[in-house]
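So that we are looking at the same thing, I have put the structure below in structure tokens.
Think of it as A, B, C and D in the order they're written, each chain with its own count starting at 1.
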Amino acid sequence: MALLTTITGRLSQAFLLLLVMSLIGFIGIHSVGNPVYNVVNIETATPEDIRRATELLGLDQPLWRQYVVFVQNLATGSFGTSYIYHLPAFDLVLSKLPATLELAVGAIVIATIAGTGLGLLAVTRPGTLIDRIVVTATVFALSVPSFWLSMMLILAGAVMTGWFPPGGRGSTVEVLGGDWSFLTADGLKHLVLPTLALAIPNVALIARLARAGTVEVKKTDFVRFCIAKGLSGRRILFRHALPNISLPIITIVGLQFGGMLAFAVVVETIFAWPGVGKLLIDSIQLLDRPVVMATLTFISIAFVALNALVDLLYAVLDPRVRISA
Amino acid sequence: AAAQELRVATSYKLMTLDPHYSTLNENSSLLSHIYERLVYQDEHLNLQPGLATSWRRLSDTSWEFKLRENVRFHDGSPFTSDDVVYTIERIRNFLKPPSGGFQAYTKGIASVSAPDPLTVIIDTDGSQPTLPLSLSAIFIMHRDASGFATTEALNAGTALVGTGPYKFKSWRSGEILELTRNDDYWGDRPSWSEVKFRIVESPAARVAALSTGDVDIADFLPARDVEAIKQRGAKVESVPAARLNFLQFELAKEAAPGVTDKSGNTIPNPFRDQKVRQALSMAIDRGILVEKILSGFGTAAAQFFPNGLAGTSSNLTAQPPRYDEAKALLAEAGFPDGFKLVLNGPAGRYPGDGETLQAVAQSWARIGVSVQPVAVPFSVFNTKRGAGEYGVWYGGCSGESVDVCLEAVLASPDAESGAGALNYGQYRNPAFDEMLEKARALDVGPARDKALADVTDFVMKDQPIAPLYHFHHIFGYGERVGSYVMHPRGWTTAMQASPAAK
Amino acid sequence: MTIENSEIPPLDVRNLTLQHHGASGTTTIVRDVSFVLGRGEVLGIIGESGAGKSTIGNAVIGLLGAGFEQSSGTVRVNGTAIETLTASKRHALRGRTIASIFQDHTSSLDPLMTVGAQLSETISTIFPDLPGTGVRQRALELLQRVGIPDPNGRYHSYPHQLSGGQRQRVVIAIALAGSPSIIVADEPTSALDATVQKQILRVLRGLVEETGLSLLLITHDMSVIAEIADSVLVMKDGEVIEHNATAALLDNPQNAYTRSLLSAVPRLRLSHEAPAIGQGGPDEEAAQCDEASEADGPVLVVENLSKTFGNHGLQALFGIGSATFALRNVSLQLRRGGVLGIVGESGSGKSTIGRILAGLETGSADKVVMNGRVCDVGSRGRSGGLLGRIQMVFQDPASSLNPRLTVAETLMECVRFTARTEHDRHPSRVTETVERLGLSKVLLTRYPHQLSGGQKQRVCIARALLAGPEIMIADEPTSALDVSVQAEILALLKQAVSERNLSMIFISHDLAVVQDICDAVCVMKDGRIEDYGASDFIFGRSDNPYTRHLINARPKIFTL
Amino acid sequence: MTHQPSTTLKRRPSRRVCTPPNLILALFVAAAVAAPVLAPQNPYDPLQIFGWEASSPPGTIGSGGYHYLLGTDGLGRDIASCILYGLRISLMVSIVSALAAAAIGLTVGVTAAYFGKWVDAIIMRVVDLQLSLPTMLVALIAIVTLGPGVDRIILALIIVQWATYARVVRSVALSEAGKPYIDAARTMPLSNARIVLRHLLPNSIAPAITLLPIEIGHAVALEATLSFLGLGVPMDQPSLGSTVANGFQYLLTGQYWISLFPGFALFGLIAAINFAGEDIRRIWDPRNRSI
């Protein structure tokens, strides 16, 4: 069956991809520096300490052998133990997942809904004040570097008004083996600012895409025919224009969501949000190879899955699109 | 009860709950709530009784520690000498690298014995006058009947019992540590019923958290934010850190990497000439570093620890730059037109590190030395420094006492003894080595301090490094905290904070 | 023909002048056009391609494109001048009072929505009280009425899964959905074969007579005019040059252009003379070809070509839905320098044959030999040797032009990349060809959306001709052209065939045209070849019932 | 969706290029080019900088005779001069990298959509791979293995950015590739490259054009972040991005000028680029081009 071949095809591709990814990660970390300097306390460690730590971590082995060991361990389901945290690397990544997920999901939902909403709102009133406000506001929203935006949100939402906490993750409840903060009032309060910081640029991006796309679609013959058919403006907008502009929007949503899962470092750092992105950057900086490898694996899987989903959505939306394996 | 809760935003990551895993403050600072040491180093770096009430030297190679009575672990079991033996054994025999940092502190120990529940006898290899100081780094764990506790088990938070004033409640790596008061604590009743450390690595986020009253204490605040924080009503304390940041020179190689003449041709290593080193050190405007880059929260340095701390020399004080003199010295050394060099350093590891490189570049430009400052991530920096790819670089050293730094940075490198661990510049001065060794053999006390000061005087004349500054630890606290006692080692604990009077 | 003359005519156009403002200045597209369309009346508009017919249609429903301006005149619908109405009032007329069938049927349909859904949404917008099942019921009924076979199955098809004629009928069905009192139909039957066309005309006529529908019918097809229009407006260069009752106009045209137009109407000759070439069925012809020398041998041999359309992406993925058999065991031959006509029912697979041969679609066949080379039709893609030697004029000219290239760019590209000699590459070839196709040079700088339907079609023909193919597949190449231009184009094609040794497959529903240009004809129905033989045989002696049925279905007036 | 009266003259699509945002952008470019002439101080020359004048408020007259119009930063560099000099690097790094990334991404994305099947599969998996590689790691590897330098940063930014374009443009190209005009092109003896670049690409590019100015802004920010981590442009030759990133640390302090003015400059630059992008997108659509 086609579905089965598609899935197996994708899976084997994903497997290859992970292999390549792990090689890049491995060689990359190796080329950047020696992790052992971060493992020992460099201000006090003796050369002997360093040598012994190097041996114990297997860093004295040739790289290819280290890789073989890594793959062997992987076969038993282990990414190894973090050099820095001394926790199983993948568990460490998983433990950051709830925080990252709730932030990313919140932000992407807001971005998608508000973004398309604003974009369509602007496009229904071309040339009006609303349109201009949307265009200008989105341009500005996109022009603010994210650390500025985050800082401004903290200034406005926390320091000056005291409405929201300036950072941190609020109280959590354990559900399904993860600690979730969106289920508590305190947690929700903590979520507001970082979610906004992540969502705002994406609201703007999606609004611009939606607006630009719709402007284009509005000129097509089938929209003219829809008008001639007597369809209401709203119906044309939502049932005809929206599906026709949604391919790039869905793509962006998928990409940005993946990005939020993996690379929301700035926001996570400034809001002291314990997420995957921060863990990854820290681990890269500390050359904590097991964690880097585990995180990269998680991210690749997330991207492959997301992109497969997005590809599937293409086919749902556009019957002319052929899905390759 | 809420009034007695202390909320702290700390930069300390607390990477593991194993107290013997890493010697970094990042771990030990927070764990000192749960675990205690035999000997405690106070804010003047003097040793005070901890779990040991007294200690004395039985012979040149033997120490006796008397333990405190009626101390109980969090699980109710009594603290005995057996636990000390267990702890030292765990460090020496059980833990494997990378958790090897603590082995340095037990290096000189030959054997440990427990003649009675409140006495510990430690025999050493040779004379170890600073053994109590070494032990001031070691947290005492409770003997586990089933064998040595693994790091994994400790991280799981199950077997986490110490004697400290606070008990473990919960922990999420890199995120949060929650503690509750240990009501059975042997010492003064802890001030706070609950303590919650939030790990906030971004300084701006710590500032924001403190400014909004989201936390009561925030550690390691950026100096430039102090004014604004004060305006928002928080109080700020600072203390010069027991550490030094300095510039270190490559001294062994014939040609120092990155050092060329003005037109880019390789030249013989100029740093091997003491005059050049002196000229370069002389031409650094340390005032700019401390006043501008560290916004006044720094002390211009001429030696390893801030003046006044044990083992420092009162003869050495930082001088304002003397460009003309420096230029003359350079000319004397054969570089009237100066030369070109790459000044390397880590980015964002120490307060003001990157900016310091640039400020030094500005200073040195005035004596004709053109500098290309290059800051890279710390791990890259370490790797390259270790590989000898640098000619002159920015480094840092800290320790329990001055001699630790003297030995690590300036002693001739010796893989066996571990001396010269930070002597990446390969500075070798046998006279100094000898003097240092002698000084270190002295018992803790004024004589030893004097000897160390003399050693420092002696070696700094040679200018093997160019000291820059001792940055200050800056902590801020809100209205619920009455006072906070700063510690030069930069510890962040609830014990240092006392509640504001109602 | 009863004309109920009520006081207020449903559509009253007075002194309509339409201008277009562009960077190169203002051009008047339609000048001072007036007409009245009464209740139950059918007004035909014929005229030169590019005369402004579609533009008038757009003005009437108030959907002029960007840059157009109604600079003077009024359009009254049921007495109200629509210019004075607010946007929403005007919109309320659409679909209910006045419906429109756009010339460009393919791009009128939303590619991402099934045709059933598009039809149903129109119905439920106009009849909001109708329950869901009622809507569907009515939608299926409409599909049935416009002659879509298997309406239940087709309901769930996407536009790209339909044949050209089927799409056109869906558009007609949508226009009919709101039971409007006025319909502006722009070339509503251009893609339909005679039988289906007849059915559609019958439906329209029925509505006109029974419900008093007023029909503004823009067409090139004189037989349609003759069959259904009460009066006719003849346009040229944006002006009305003649306006008369149909019979009067056809019998006694006043204007020279009208006369030339009428004389250019191709007529089917049903003489029973002996065929000049080929004697009978395909076998005979094949035998003949086999004997012929290499040079005269068939340039194309197709044996047992079949095509089954799978489902679209998602259905294919989950393996649901049913397949469409578009072609079943089609065998045909194309003589070098010959023109093979393919006629037949709309949806019978004519275009599919063309697309497979052009390598745009896969199929399965026992043997396909082109130009002496065996081709693999099992895979999409272009076999190197044939690249550019086989050219296609697509059925839907509008969407087969790259919207971002000007006419000149499109044609120049074709010249540049197909030229074999330096001479071929010369830009003058483009202008020459364009002029021979009756297109003004001004159009060269335009983008496709700035052309009329017929102009686009001619650009497509120009593109195919400029490529200098050995085989050309022309899929309804003249459906949007007025008869006099059509005559010129046909002459041009014939010339190309005879002078350049071009071989052509000519797909058309216009039997007269087919008879005129083709030497062999193949009649298709339901993906099968029903009848196949020399042109004279098919039109003269074939006793295949479907062939006879097709021939007899032609509008009466021109069968004499 | 409302329908404007078609009878009134439609506002003709504006072809003006001298819109205020474009003028501002032109000003930025001019300022960048003329920086050595305009700037009172060369912030890249350590001899012209006086560390003791660090963090001077706007308007201070410095010892070198400099008038610190916008104040000085924490190292004593004239902010106004830093902005002017920094603009050159930021503009070049961001625009070059964004354009190159766009060129690569667009070509690759359209190619994937056009050929489908295994070509698509391979390209898209490479895209997946690229997307899941963290910028930081790429930058680290590039800079550690190739050494520091503006060109390395541009390279790193290209590697990081192209995949986004590829995926976005592919989404449109997938449905565009099935349209008859592509079929028509396929029957011509055109090379695949030409069909992809001349026919498919221009028709699939619209969302990517929306994306481009955003990505340019993104590139400035990325470059700033990398510089902040010591992976960017040389620290003694700050780009606008790194000036902002450095100034960012002063945001909550009283020395507002160190963060505010470079921030405004960056903000204005990116906004101007974004507005200009809006124009490009409008002009790109042939339906907006009148004859």
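Quick note on the criterion: a residue touches a chain if its C-beta (ideal position, glycine included) is under 8 Å from a C-beta of that chain, and two chains touch if they have at least 3 such contacts.
On a predicted model such as this, the values are computed, not experimentally measured, just so you know.
Participant: Check A-D against B-D and say which one is joined by more contacting C-beta pairs.
Facilitator: Of A-D and B-D, more C-beta pairs in contact link A-D.
Participant: Taking the mean of the CA coordinates per chain, how far is chain A from chain D in Å?
Facilitator: Centre separation, chain A to chain D: 21 Å.
Participant: State, to the nearest whole Å, the distance from the C-alpha centre of chain B to the C-alpha centre of chain D.
Facilitator: Whole-Å distance between the two chain centres: 43.
Participant: Determine the centre-to-centre distance between chain C and chain D, using the mean Cα coordinates as centres, and give it in whole Å.
Facilitator: Once rounded, the distance between the two centres reads 48 Å.
Participant: Going through chain B residue by residue, note those that touch at least 2 other chains and give them in order.
Facilitator: 204, 208, 211, 377, 380
Participant: So which bits of chain A are touching at least two other chains?
Facilitator: Touching at least two other chains: 32-33, 151, 159, 219, 227, 233, 285, 314, 318, 320-322.
Participant: Which residues does chain C have that touch at least 2 chains other than itself?
Facilitator: If we look for residues of chain C contacting two or more partner chains, we find 63, 66, 91, 111, 160.
Participant: Got a list of which chains touch which?
Facilitator: The complete list of chain pairs in contact reads A-B, A-C, A-D, B-D, C-D.
Participant: Using the touch definition up top, name the residues of chain A that touch chain B in the complex.
Facilitator: Answer in residue numbers: 32-49, 51-53, 55-57, 83-87, 92, 95, 151, 154, 158-159, 162, 165-169, 179, 269-272, 274, 278-279, 282, 285-287.
Participant: What part of chain B is in contact with chain D in the complex they form?
Facilitator: By the definition above, chain B touches chain D via 203-204, 207-208, 211, 222, 224-225, 227-228, 231, 285, 287-288, 291-293, 346-348, 354-355, 357-359, 361-366, 370-377, 380.
Participant: So in the complex, the part of chain C that touches chain A is made up of which residues?
Facilitator: That would be residues 61, 63, 66, 91-92, 94-96, 99-100, 102, 104, 107-113, 121-122, 125-126, 158, 160-161, 171, 174-175, 177-178, 312-314, 316-319, 398 of chain C.
Participant: Flag every residue of chain A that touches chain C in the complex, lowest number first.
Facilitator: Interface residues on the chain A side: 1-3, 6, 219-222, 224-233, 235, 239-240, 243-244, 312, 314-323.
Participant: Flag every residue of chain A that touches chain D in the complex, lowest number first.
Facilitator: Residue list for chain A touching chain D: 9, 13-14, 16-17, 20-21, 24-25, 28, 31-33, 123-125, 127, 135, 139-140, 142-148, 151, 155, 159, 205, 208-209, 212-213, 216, 218-219, 227, 233-234, 236-237, 241, 247-248, 250-252, 254-255, 258-259, 262-263, 265-266, 280-281, 284-285, 292, 296, 299-300, 302-304, 307, 310-311, 314, 318, 320-322, 324-325.
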